[in-house]
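One chain, subunit A, appears in both complexes that follow, with subunit B as partner in the first and subunit C in the second.
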Partner chain A sequence: MKRSNIAFWVGAAVFLVAIFVMTQVVGNQYPFFAGYVILQFIALAVAWSILGGYAGYVNFGTSAFFGVGVYTAVFLTKAFEAPLLVQIVTAAVIGALMGFALGLLTLRMQGIFFSIATIALTIIIETTVMNWRFVGGAAGIQIARPPATPPFDNYVQMLFFVQALLVVLAVAISRYIQNSWIGRGLQALKDDELAAECTGVPTLRLKLLACVISGALLCAIGAPSAMYLQFANPDSAFNLNYSVSTLAMSLIGGTSHWSGPIIGAILLGTTQQLLTVTISSEVNVLVLGIMLVLFVVGAPEGIIGLVRKLRGNRKEGGT
Partner chain B sequence: MALSLVISGLDAGYGAVKALRGVSLNVRGGETVALLGTNGNGKSTLMKCIAGLVRPQQGSISLDIDGTTHDLARLSAEDIVDLGVAMVPEGRRLFPRLTVLENLMLGAFRKAARRNIDENLKLAFATFPVLKERQSQLAGTMSGGQQQMLAIARALMSSPRLLLVDEPSVGLSPLLVSQTITKIGELNQKLGLTVLMAEQNFNQAIRIASRGYIIVHGEIVVAAKSVDELKGNDIVKRLYLGGAA
Partner chain C sequence: MSKRDSKSGSISRRRLLATASAGAALAASPLGINLLHAQQPPIRIGMSMPQTGGLAGGGKPSLLGIEIWRDDVNAKGGLLGGRKIELVVYDDKSSASETPAIYSKLIDVDKVDLLFAPYATVPTAPIMPLVKQRGLLLIGNFSFQVNSKVGHDMWFNNAPWGPPDSWASSFLDIGQKAGGKSMALLAADQEFAQNLAKTAREVAAKRNLPVVFDQAYPPNTVEFSSIIRALKAAKPDIVYVASYPPDSAGILRAVNEIGVGDNVKLFGGGMVGLQFGTVMENLGSLLNGVVNYNSWLPEKSMYFDGTKDFFEKYTKRAIEAKVDPLGYYLAPFGYASGQLVEQAINATKSLDQKGLAKYLRENTHKTIVGPIAFSADGERKETAVLQAQFRGVVDKNIEQFRSSGKQVILFPENLKSGELVAPFEAARK
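Up next is the complex of A and B:
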């Protein structure tokens, strides 16, 4: 257990150093533009999986949390010219509150009913923001980036590094939850909620906790996006594509282990970026759909499940 | 260990449907009490009320432990587990995609239970040796009888004083029913567990019960002080033993 902890944190440190060195060495801006989106999806998928994967409560509200993160940053920039860190932390707090409210209202519903309620959340918030003049309303709003903070000489490079930090944060939290009693409780209620209650798992409290943590992370991950795009409008900030992509990445990677969503997001995120450049951004959605169908049919437990199955088979074959 | 469960005037139901009407029942420490009734008469609802899974609409469920009284009708399911009440739910309700060992560990989810996890695991394995052999098998792939044993063992993991067993005979062959009931009897005899068992198999249940209640359409119609009294009861003869013999 301890050894795997060390390995994990060494891995995380190496990852961050590599990202940092990349921002200092690579001059071309394109890798950062594309890489930012991939990192963002890794973080989103990992954060989503805390509620959607461990607890099995499929949340279609990723775009609601993401959009609220974007608009928190927009509001803070316009009203106070708040620095990036303040934007992200505030977004996390608002996301946590949103997760708590959503959880209280909807987590008593089970399975598909919860999912439907989360779709409504996106629509309600998007409509509200669309009618909020201060942050640009339906037309959207332009945002000017402040100068980058040294040692970064370019704002996008800085955002790229910040998003990498958010990835590490999300993964560390997700990994901690998986290995703790919280994770065991979530797994139990995913398998059989009534049985979990019988054994004394505080199901509602655990679901709420998962919803709060997941919501805070999803919102925080959305916040830097305002500065990344230098523009925000409700249509793109609350785009249902975020919900669908995040869900697909988690499920394709596999939700039974914290590394599943990472694998799924890298695979799908990279494919999407390549397709956007080479063919068109609309083909993304098609590829996403096809891959989701293939995995649901061929490997319902995702890549993680597939690997475990192959390993298991080999073990049985050997003895 | 002084323990007693007293239920009085309990009403419970689901929406407009009333499943229990004015149910009164008591269990004293060290007893094995059978709650008898055929399907759909409210046995499971009563068990769920005691375990905190269904909120009663009226009446009280008080658990007296060493002189302190707790009102179970107001406590959450997890607080009730903390008080030493463990439920073996109807149809076993294991975590099918987890291993036997993981299922057992989840039985000790509560903080208080985690302290005794090693002891209780030893006890569970000693009581059901087959579980030790199969500890890394997925629970969903075991036979019905083994699953029932795992369900009981999982309940033991929380260091219970009062064991609620809901229809242990469901879906088991007659031989396995008999073995399961015998095991529950042993838990009472050897570990001193107080047991309240809901069951529709009259002849099996009375093998280990010291007394019993009969529930019909959500009401307790017979409260017998002994097994002999149960056997001699007219309602029992009509419902279970065939004809008016």
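Up next is the complex of A and C:
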């Protein structure tokens, strides 16, 4: 256990150093633009699977949390010209509160009803923002970036690094939850909530905790997006695509282990970025659709599940 | 063996000589010059275009217009003494979040020579700061007031918008001339419609024109009867509608059933969708009487040098490409974008972005959509947004819109092709 802990943190440190070196060495801007989007999806998928994967509460409201993150940043920039760190932290706090409210919903709703309620959440918040003129309303708003903070000489490189930090934070939290009593409790309530409650698992407390953590992360990940685009409009910020992609990435990767969403997000995110600049047409969307169908049919437990199954088979064959 | 070797060697040497001399002769001949020129690197123009998602219906015809321009220029032998035009196009899925990465790829990896913006405001907005920071020329494509806050001096919009308030003022001019003394405003809660509504309110306030009804509705509303009833009860003289394709249809259906009252002199203004062939075909006679904005119409005053040729080519290629069969709204402006850079490159004889921008800013350019001159903010100096009234439209016939007289141009003065028929209820018949 300890050895794996050390390995994880060394890996995370190597990853961050590599990202940092990249921002200092690579002159071409494209890797940062494309990489930012991929990192963002990795973080989203990991944060989503804390509630959706471990607890089995399928949240379609990723775009609601993401959009609130974006608009928190827009509001803070416009009202106070707040720095990026303040934007992210505030977004996390608001996301935690939203997550708490969502957690209370789980008292009354489970399964598909909970999922529908989360879609409703997106629509309600989007409509509210659409009618809020201060942050641009339906017309959207253009915001200007401040100069980048040294040692970064370019804002996109800085955002790329910040997003990498958020990825590490999300993965560390997700990994901690999986390996602790929280993860075991969530696993129990995912299998059978009533049985878990009867055996003494504090289900409500665990669900609230999962919602708060997942919500805070999703919102925090959305915040830097405002500065990445330098533009926000409700259509883009609350785009259902965030919910669908995040869900697809987690499911394709596998939700039973913290590394599943990472694998799924890297695979799907990279494919999306590559397809955008290679096969540039409806084929792009079609390929993603086919990939989803193939995985749902061929590997219902995601890549992680598939690998485990293959390993299991090999062991059986060996003995 | 050795003999044969030497023999074959001598033959090959002779052959080499012959080939070389033939090559030299070819290079000196006119054909050879053409071949050499063909080897010059192409001029690459990069852009993203919405080819899937909500804006694809506009993005595809726009791209076809640009492609027709490319083929015309290449058929004439290219630019800068034989360099062919090559387009590098990616699909932005109608989304603002896709364009920064795409334009970064176009600039840093593909290293294109020139940039065109995607169709519409939302995908364009995030790339404005990027091109400003890099000091690059960008030809805009029907986005609305996207440069007003950024202030990039190398931005040139192909759209006929002109000054931001001209859109509302031209419509209200027509209404006030017809005796309108009050206005109602009905606008979708979406980016473009809200921008229009905002300028309409400002213009009305300047002119002391009372706004007796001001209603925004959520996107994707389909049932408008209660809204139209409330509007009718307010008894406005001018009704300014800023709507999107699905709701434009819903509003016109509700108006057809309920009516808007005899007071109304003028109805329409900013209804998106009524420019597209299939939407017009579906609405048919419901369109009669509506005065709406447009960018190009098949009226006599709208034909300039090359316009007719363009539409002949477009009509043929639109069938293959499965895009809007009429293509009046965006396609000729895509072609005009090409003509703008073509003239700038020919005049400056270079691809220097600053030089091209200077030329575009200081001159008037001949295009198939008429002469274009830019003001300091990169928008048209004068508005060329048409306000036209639908007349004598019958149901289920797309071909009728190819003939003149179905959409009579009321504004601007120099392109006018008829007078307003008012009140609205009379014009509907």
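The working rule: the second predicted complex is superposed on the first by the 312 of 319 C-alpha atoms of A that agree within 3 Å, B and C clash if a C-alpha of one lies under 4 Å from a C-alpha of the other, contacts with A are read in each partner's own complex, and residues count from 1 in each chain.
Heads up, the rule we're going with is that a residue touches a chain if its C-beta (ideal position, glycine included) is under 8 Å from a C-beta of that chain, and two chains touch if they have at least 3 such contacts.
Note that the structure is predicted; figures quoted are calculated from it, not measured.
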* When the two structures are superposed on subunit A, do subunit B and subunit C clash or fit side by side? -> fit
* What's your read, subunit B or subunit C touching more residues of subunit A? -> C
* Look at A:Gly111 in the shared chain and tell me whether it touches subunit B only, subunit C only, both, or neither; answer first, second, both or neither. => neither
* To do: For A:Ala188, decide between first (touching subunit B), second (touching subunit C), both and neither.
  => first
* To do: Using the superposed model, measure off the angle between the directions from the CA centre of subunit A to subunit B and to subunit C, in steps of 10°.
  => 140
* Touching A:Gly312 in the superposition: subunit B (first), subunit C (second), both, neither? -> neither
* To do: Check whether A:Gly11 is in contact with subunit B, with subunit C, with both or with neither, and answer first, second, both or neither.
  => neither
* Using the superposition on chain A described above, determine whether A:Gln230 touches subunit B (first), subunit C (second), both, or neither. => second
* Asked: A:Asn131 contacts which: subunit B (first), subunit C (second), both, neither?
  -> second
* Structure fact -> Distance floor for C-alpha atoms, subunit B against subunit C, superposed on A, in Å, equals 38
* Complex contact set, residues of subunit A against subunit C -> 28-30, 32-34, 36-37, 127, 130-131, 137-140, 142, 144-145, 225, 228-231, 233, 235-236, 239, 241, 273, 276-277, 280-282, 284-285
* Asked: Which part of subunit C faces subunit A closely enough to touch in the complex?
  -> 51-52, 89-93, 95-98, 100-102, 104-105, 107-109, 121-122, 125-126, 128-129, 146, 149-150, 188-195, 198, 216, 218-219
* subunit B residues touching subunit A - in the complex, by the definition given at the top -> 51-53, 76-78, 80-82, 86-89, 93-98, 102, 105-107, 109-110, 113-114, 154-155, 157-158
* Enumerate the contact residues on subunit A facing subunit B in the complex. => 181, 184-185, 187-188, 191-192, 194-202
